[in-house]
Amino acid sequence: MMGSVNIIPFFVAVPLAGAFIIPLVGKKLKKAPDMIGSFFTFALVVLSVFAVAAVKGNGTLVYSVGGWKPPVGIAMVLDGLSAFMLVTVNLVAFVIAVFSVNYMEKFTSKWKFYTLFLLMLAGMNGVVITGDMFNLFVFLEIASVASYALVAYGTEKHELEAAFKYAIMSAVGSLFVLLGIVFMYSYTSTLNMADMARVLSEKGTGDISLMVSVLFLMGFGLKAALVPFHAWLPDAHPSTPAPISAMLSGVLIKSLGVYAICRVFFNVLGMTPTVSSVLMFLGALSMVIGVFLAIGQWDLKRLLAYHSISQIGYVILGIGLGTPLGIMGGLFHLFNHSIFKSLLFLNSGAVEYSTGTRDLKKMGGLSKKMPITGATNLVASMSIAGVPPFNGFWSKLIIIIAAVQAGRYGYAFWAVLASVLTLASFMKVMKYAFYDRLKEMWDQVQEVPIYMKLSMCALALICIFGGFLLVGRLDVDFLGSATGVLMEGVNYAAMVFSNVG
Amino acid sequence: MSREHEKGMSLIVKTITRLTVGIIFLYGIYIVLHGHVTPGGGFAGGVIIALSFIHLMLAYGRQEAFKRLSRAAASVFESFGAIMFLGIALLGFVGGYFFLNFLPKGEPFRLFSAGIIPLCNIAICFKVGAGIFAIFVALVLLKLDLGKK
Amino acid sequence: MVDIYVLLVLMIIGAVIAIEVKDLLSSVIAVGAAGLALSIIFLILKAPDVAITQLVVEILALIILIRATLKKDLPFSTTGRWLLNTIITICFIMIFVAVGVKCFKDLPEFGAPLMRVSKTYIQEGLQKTGATNLVGAVILDYRAYDTLGEATILFTAVIGVLAVVRRIGRKKVGEEVEENE
Amino acid sequence: MVVYLLCLVMFCLGIYCVVRKRNVIKLIIGVIILEYAVNLFFILVAYRKDGRAPIFAADQTVTNMVDPLPQALVLTSIVIGLAVTALLVGIAMRIYEKYGTFDITKIKELKG
């Protein structure tokens, strides 16, 4: 028991150590940032797998930082949902770090890139692992500030503009969250999330829950790019270097947005039918609007960015249903989306690396010259469109079944419609980019270097075999325990306080 | 910046700066070291120390300030402060907890008391002072070339 | 308590001037005045640590902002659907204020915080940490992990600023670019 | 109560500025005003009538101190504000360099 608790602080300490070391050594030794980036993220993947095993063995693990027992000190909580998110975040981060070794050769000052990358990762891990409201805000800001700088990394006109827009909107979102925390602190006089849940259930929520819900929904909704707050995403995500697009679309909006919404609304404030229907409505709206906006796009990365809005809609719809099946579908889709959307962005990066363009109209027949990129892109496209037997199919199926079971036939219909439109939109990508006649200007195009190939293949394999997560032991230990945490609702408080170690 | 900033400001400003900059620097150090006894602490002290260098730079021009604290040194100090802080946090594992205050607490109201708190203050001071200086140098000395629009 | 109201009104006036005045430099200075008023309010509300930090941060932010606005053109424009958008914004703000006022009733009275957890800090802080400045005890011992995050954010901002001001962002593969950092 | 309301007014001014102004520097100022409002609200919530600053003086025991926890949190939040402001100004200055203006309506090239 004692041993497995002690791994918890390392989820934050390892990437931070990497980030602090790189500026010292990275300027002299050109290879050091690559090595540190890949090695430290790999260590995090190993740690996350241990975390899943630890949660399976011991249930919820609580770590009191500095030896101060919560609620006096800060507590870090590792439960099923955290372990699930940690695996998702760190797996994607590791693959992307390997991809960047070759890809970031196109940019100057590689060490700054890796430093910011590891800082962003530390922020995301910190958000996922913490059990304290204000600490969540602090790590939310670390990840956000790092991502503002990364969006502007190319320092071209459009990138700076997109970064500024993103930074302003996201900063306002963070301040909404902070204001919500102030209200909560004043009302409950504590910052520990479990303690808050306990006080709220003893004292009743009163009018304050309305204000706090609105503030948190706006704040985290801005981070998750739900539809009324999505304006920054289609600019910011395409502007970054491809590995960071993959990181932002793949995991950042999920760990800062969706995870935080889940944690706050299910485990702290308690789920009410009103919140549930608001979440479902916003989810369905994002799903449909995102996909409609995506169809008309000719910029490959912009098209993918709009699909991110749409797919986040699925996740929120599934989670908003509030039934065990719906939540499981939502979380499974969250995992799948981080895999296939990262893969799609990496593919777009590979195409840009070789050809230098993102315009679909200029491409054509590239799969003859870049077979691995073409093949992995086919897998990812089928996966996002929900074609069996790829992983995206299973999660969408579960969400739709859950919606039908809950009697929400309308939402189920919209989910199917959005899925069909997604398929259409990716047919277009495949046709124009990879399977049309090869244009003469691309005769000299070559396949991308080895590390980029490796990481794309790894993600494609997960896409193909992702469906097995629904089978037997894996399902119970990985997805099941994450779903269990959300179904517990405000019992979270009891789970945490019975495990303070 | 204009050429004026290369050479610094007028003689009056330079003379007053020579008198005050040391005091500001010492005040910053005082604030840092007494962070656990009186108001202030690593952050405020670090910013004050950085401001003393900025003061020097504004009055005497950038060369004079870089002679005392070069950009490379600032970068090293910053990483050093950050690693020191993280190191203190990890040293807490000696006593079994991340961030454990493992040193003896000492007698209240003394300079050497409160365990790791003064050490953390110093680490933060290095980090913040060097960091603020780096931000300032990057932003204020950023030469804008408006030629290519 | 009158002084707080006076300073608060001063802050609001400063903010309104900062928002509405056409000259960017004046607007930056107005926001600086509001920040200094805020620093004094912190002092009156018995938060000397926060007041010192607010003061130094304010000065620094002001220097950076003035540098950004100095000798720049000052264009000002209003977009087409100005009236409609303003009305929507004001409606949203009115609803926001109404909800806020409604839930202020649930908060504890001004000047009487609950202090359920903070009692522990005041009662045991001195013995347990040895620091007489309780705020210092909280930020560097009880909640030192937050401070690690805070320091990291500043580190992130420094690296971020250095990354953003790079003169050349992209290069060809294999090309060596001279970096002045 | 009235103090809280004035603080909320301040917050709304910030929102108005961020949503309605069309100048890069004004947007940054809007974010700064929002930060002021939230920090002030946090300290107001911590205030205790006739309380003392949370610093022990030698040879006396005091119990009616103001709440030290929000003060510590506000310190963190001020620093976060400074970091965000610095980064925003950095990006804004580069935008000025590329576009030659701070006016958003002239900068708008991305449709969003």
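Labels A, B, C and D are assigned to the chains in the order they are written; within every chain, residues are numbered from 1.
The definition used in the following text is that contacts are C-beta pairs under 8 Å (C-beta built on N, C-alpha and C of every residue); 3 or more make two chains touch, one makes a residue touch a chain.
The structure displayed is predicted, hence computed values, not measured ones.
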Touching chain A and also chain B, the following chains: C, D
Far-end chain from chain B, centres as C-alpha averages: A
Inter-chain centre distance, chain B versus chain D - centres from mean C-alpha coordinates, in Å: 23
Where chain C and chain D are represented by their mean Cα positions, the distance between them in whole Å: 2
Chain centre separation (chain A, chain C; CA means) in Å: 28
Sites on chain D at which at least two other chains make contact: 15, 28, 45, 53, 55-56, 69, 73, 75-76, 79-80, 83-84, 86-87, 89-94, 96, 98-100
Residues of chain C whose C-beta touches two or more other chains: 48-49, 53, 57, 60, 64, 68, 100, 107, 113, 115, 117-118, 121, 126, 132-133, 135, 137, 139, 141, 143-150, 152-157, 160-162, 164-165, 181
Contacts with 2+ other chains: residues of chain A: 16, 20, 23, 65-66, 134, 138, 141, 145, 148-149, 152, 155-156, 160, 163, 186, 191
Category of the chain touch graph - line, ring, star, complete, other: complete
Touching residues (chain side chain B, partner chain A) in the complex: 75-76, 78-80, 82-83, 86, 89-90, 92-93, 95-101
Touching residues (chain side chain D, partner chain C) in the complex: 1-10, 12-17, 19-23, 25-26, 28-30, 32-33, 36, 39-40, 43-49, 51-57, 63, 65-69, 71-76, 78-87, 89-94, 96, 100-103, 105-106
Contact set on chain B toward chain C in their complex: 31, 35-44, 47-48, 50-51, 54, 71, 78, 81-82, 85-86, 89, 98-99, 101, 105-109, 113-117, 120-121, 124, 127-128, 131-132, 134-136, 138-140, 142
In the complex, chain A residues that touch chain B: 6, 9, 13, 16-17, 20-21, 23-24, 63-67
Residues of chain C defined as touching chain D within the complex: 4-5, 8-9, 11-12, 15-16, 18-19, 24, 27-28, 31, 34-35, 38, 41-42, 45-50, 53-54, 57, 60-61, 64-65, 68-69, 72-79, 85-86, 89-90, 92-93, 96-97, 100-101, 104, 107, 109-113, 115, 117-118, 121-122, 125-126, 132-135, 137-139, 143, 146-147, 149-150, 153-154, 156-157, 160-161, 164-165
